[in-house]
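Two complexes come next, and they have one chain in common, subunit A, joined by subunit B in the first and subunit C in the second.
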Partner chain A sequence: MTVLSIRSLVKRFQSVVAVDNASLQTREGELISLLGPSGCGKTTTLWTVAGFETPDSGTVHFDGVDVTNLLPEQRDVGMVFQNYALFPHMTVYANCLFGLEMRGVGRDVARQRITKVLDMVQLTGLETRYPRELSGGQQQRVALARALVIEPAVLLLDEPLANLDAVLRDEMRFFIRSLQQRVGITTLYVTHDQSEALLISDRIAVMFEGRIEQIGTPDEIYARPITQRVARFVGLSNLLAGKLRRQAGGFAIVESSAGPIRAIDNRAIADGAAATLLVRPEMISLGDGPESAEANRFTGTVEDSFFLGSVVDYRIRTVDGLLLQVHGRPVSRLAKGASVTVSFLASATWILAA
Partner chain B sequence: MTLAIAPDQPGVQRPSSPLRRHAPFLLIAPALIFLFVFLVLPYFNIIVMSLRVPARVGMYAEGFTHANYARALTDGFYMGVLGQTLLVGLLTTVACVLFGVPIAYHLGRSRSRWSGVLYTLILSPLLVGVVVRTFGWLIILSGNGVANKTLREFGLIEAPLRLMNNEFGVVLALTHVLLPLMILPLLGNVQAINPNLERAARSLGAGRLTVFWRIGLPLCMPGIQAGGILVFILAISAFVTPAMLGGPQVRTMSVLIVQQLIDNFQWPFGAALALILATATSVSVLLYIRFTAPLLRGLR
Partner chain C sequence: MTVKAERLGRSIDRAYQWAFRSFLVLAYAFLALPIVLILLMALNAGELLEFPPKGMSLRWFVALFDSEIFIKAILTSLQVAAVATCVSGLLGTAAALYFVRHAHRFREALRVLMIAPLLLPEILTAIALLFFVHQIGVGNRGGFGLYVGHTMITLPFVFLNVSAVLYNFDRSIELAARSLGGRTWTVFRRITLPMIKPGVFAGCMFAFVVSFDLFAVSLLLKGIGQSTIPIQLYDYLRWDFDPLAAAVSSVSILISLGVVLLADRIVGLRALRF
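Let's turn to the complex of A and B:
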């Protein structure tokens, strides 16, 4: 298994800086997602690893070996494209064989490896089909098989699920994740879909405007984002402005327009500095909640509510004028205008820089 | 959900006027009438003419005969000319593929601002009338023409080369004018190829040249096939170019047919030759399509 490391990568297109000093290092067999809005430089970063783009500065290393100046065909990568890029004039078998031929693998060994990989992606029996005779999901799996059969050092996936319909996309997330873990291959996965990144990744690198803003496990990214835009991009959020007041006993206080709110102390922010509170809608419960020293409690009225199936999405206006997004269970739905108490624990509340 | 049913929704029965029922036919009727009057009727006329009895005075004599066909098909001279015509068509097509594919591939992939200029240059042979263009080739290719003079001045040759009055001159001039007809269908073809296919091939370990042979070229086959048919048909039926540059050495069927019709006034025999050429062309094209079909698997 390979350690992929990207060091201080910079790529400009004319005056636009596509990638701005991006660095990351995988562990062996790790799947890291590059997550960000379109135009954030995640695909350019991936293409630089694949060798389709040459960086203006910075380097790419596979297991410590600098591959920055190698051509794509000299690097040992398996690549899956958004539109799959299957060779339309070749059968499924020939598509898989192509990379093995280029590596001079003998016919018999190649046959064994293709049979094995097609079995892994559950396409046995479709060897003689042409790509256009396959469904989107099947084409996707051929693309995976073609990339995996060469047993590359690194697997690169560029928005591989973006062209699939919602149901199939959900299935394929689990499929790709379990396949990647079975093969144990170091993987870089580009996506703009935060729920996909949360589900599939060992770690997520969130990118904005060419920079990697935060890199961490899905838990860290979701529960302890370091900036407001990371918080907004991953999951739904209530963000409240205030001033941090550190106190003894573990929790910090943020003085907000609605009074003091208890939250997990973030040591990165100085005592007395401006800060932003983050509490996720599903962390707020309707009702008084447990009697606890760490509970934050507000009263207000239901201003609006939206039924989302598994939850009801409420907008609750507190008496202090805060608008909170709260997710409640869809049983005994509250009517508009109903008075309600909401509460959330300090341990579910995070403090960000302002 | 209940909706007021809009009158134009599919599956909704409604009385159709005769005009509406026949609308598709009415739309293609002008084209059909045009083809009937200017293609089907003349062809019918040619078929009838080819079966007429030749005469010394007048266009033809009384009665019908298949002697015109018998004469053309059994005389080695005419079959030789037919063979030479097909050979010229084949060589021109091959030359157009060899020159056209790299140009189309380059232009289809180029993002240079000069690509517009190249595009215009490719079309330029079509901007000049056939007679003027062929005279141009005469000036260049003749015994003491521009090409031979230049080669001699550089001391590359001593005696002038024979550049015209042979197949070389005819194929050269035909390739020049027919190249755009090869490139244009190919260009659309190349531009429709997803560049990620080439990237995928390279990430699988193929070098640029291998990518071209294994991915680019096979994906160009629909364009090569379409352009090849156009070039072949037009090369075979060309008249002015072989007439002016072929000399007595290269006689093509078109030249011979015009000779029979205009010079010898042998309308029935000329008509028979024309139909033999048309049949040979159709058979060649059908065989061509048949044998190139395996190369298009998965692409259509």
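Let's turn to the complex of A and C:
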């Protein structure tokens, strides 16, 4: 297993800075997602690791060995493209064989390895098919097999699920994750889909405008984002502006336009500084909630509601004029205009810089 | 009421279909009829090039195969077409690769230059080339100009066909091959070339058929005593007017058709889509 490390990577295209001083280091066998909106530099970062782009400065290391100036064919990476990039004139078997041939693996060993990998991706029996004769999901798995059969140091996936329909995409997330863990290969995974990143990753690197804004485990990213745009990009959020007043015992008060809100303290923000309170819609409950010193309670009316299947997405206007997004259970749905009390605990919140 | 309207709609549909089919038949007839006529005239048992034929016979085909000048012309045409096709195939493919993938500064100029022989009247190209070969002192000896002329005229067909394929070429396939360990040349040979083969073959097919049929360039640039089918046919029709001319035409049509069928057999024109 390999440790992949990217150090101070910079890549410009004419005047546009695509990647701006990006650094990250994986652990052995770890899957890190590069998550961000389109044009944030995540794909460029991946391509630099693959060797398809040369960085303007910065380096890429595999297990401490600098590979920055190596050609793609010298790098030992397995790459899966968004459009699969299968060789259309070759069968599934020949697609998988190509990489092994290039490495001078003997016929018999190659056959064994291909059989094994096709079994892993559940494509046994389709060896003689051409890519055009396969479904999207099957093509995707051929692409995975082709990348894995060479037993590369690093696996790179560039939005591998973007071209699949929703049901198949959900299935393939679990499939790729379990496959990656079984093989135990260090993986870099590019996606713009936050739910995909949350599900599949050991850690997520959130990128904006060429910079890695935050890197952390999915729950860190979700529960303790360091900036507002990370909070907004990953999951739904209520962001309430105010001023931080530090309290004893790891708590703080955010003085908002709707009065003081109890929250978990964030030491990164100075006492008295402007701050933003984050509370996720599913952390707010309809009703009074438990009696607790931690509780925040608001009364208001239902302004709008949207049925999402597993939850109902309410927009609730408090008497102080705050608009809160609240997720409720889809039973006994509240009518528009109904007055309601909502509550959330300080421990369900997070304070960000303003 | 609605039943009536539906019935009316259906009969309009039917009338439309009928009209469309008739049009197709007419269009194909317009294209195919001359060929059929030539074949029928070649099978004429009579002495003159005429329609309808006076009885059926293969005598003019026999006469063709007995005619040394025509056999020589057919062989010359085949040889010139083969050479022009191969050279155009190589140059046109290389030029298309450069044009689509690497040309930046002189891109438009290169494109115009490449397809110029297609845009200019053939006779102009021929005259210019005639001056050129005499200027460089080669002249009409050995038919050097003939080969060059045919290559020039057929080059755009390969260039355009290969360019079209390259425009739609998904570069990530080559990147995938490289990341699997393929060196540049290996990737070109094992991935790129097989994938652009349809364009190369289509271009070469055009090149061959066009070269086989070329007149003005051949007329001006042929070597002394050298003759291609169209030239020989032209010469022949000046003095004679018998069905031998139709037999020659038939054979040349069959050769063109043969090339298309052969290409279909070797690469499978329909299997070319991926």
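One rule holds for everything that comes next: the second predicted complex is superposed on the first by the 354 of 354 C-alpha atoms of A that agree within 3 Å, B and C clash if a C-alpha of one lies under 4 Å from a C-alpha of the other, contacts with A are read in each partner's own complex, and residues count from 1 in each chain.
Here, contacts are C-beta pairs under 8 Å (C-beta built on N, C-alpha and C of every residue); 3 or more make two chains touch, one makes a residue touch a chain.
All values reported here derive from a predicted model rather than from experimental measurement.
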| item | value |
| --- | --- |
| Clash or fit (per the criteria above) of subunit B with subunit C on subunit A | clash |
| Touched partner set for A:218, first subunit B, second subunit C, both or neither | neither |
| First, second, both or neither for A:51, with subunit B first and subunit C second | both |
| Partner chain in contact with A:210 - subunit B first, subunit C second, else both or neither | neither |
| First (subunit B), second (subunit C), both or neither touched by A:88 | both |
| Common ground on subunit A, meaning residues reached by subunit C in one complex and by subunit B in the other | 50-52, 71-73, 75, 77-79, 81, 83, 85-89, 98-99, 102-103, 130-132, 146, 150, 156 |
| Contacting residues of subunit B [partner subunit A, same complex] | 194, 196-197, 199-207, 210, 214-215, 218-219, 221, 296-299 |
| For the subunit A and subunit B complex, residues of the former touching the latter | 50-52, 71-73, 75, 77-79, 81, 83, 85-91, 98-99, 102-103, 130-132, 146, 150, 156 |
| Residue ranges of subunit A in contact with subunit C within the complex | 50-52, 71-73, 75, 77-79, 81, 83, 85-89, 98-99, 102-103, 130-132, 146-147, 150, 156 |
| Subunit C residues touching subunit A - in the complex, by the definition given at the top | 170, 172-173, 175-183, 186, 190-191, 194-195, 274 |
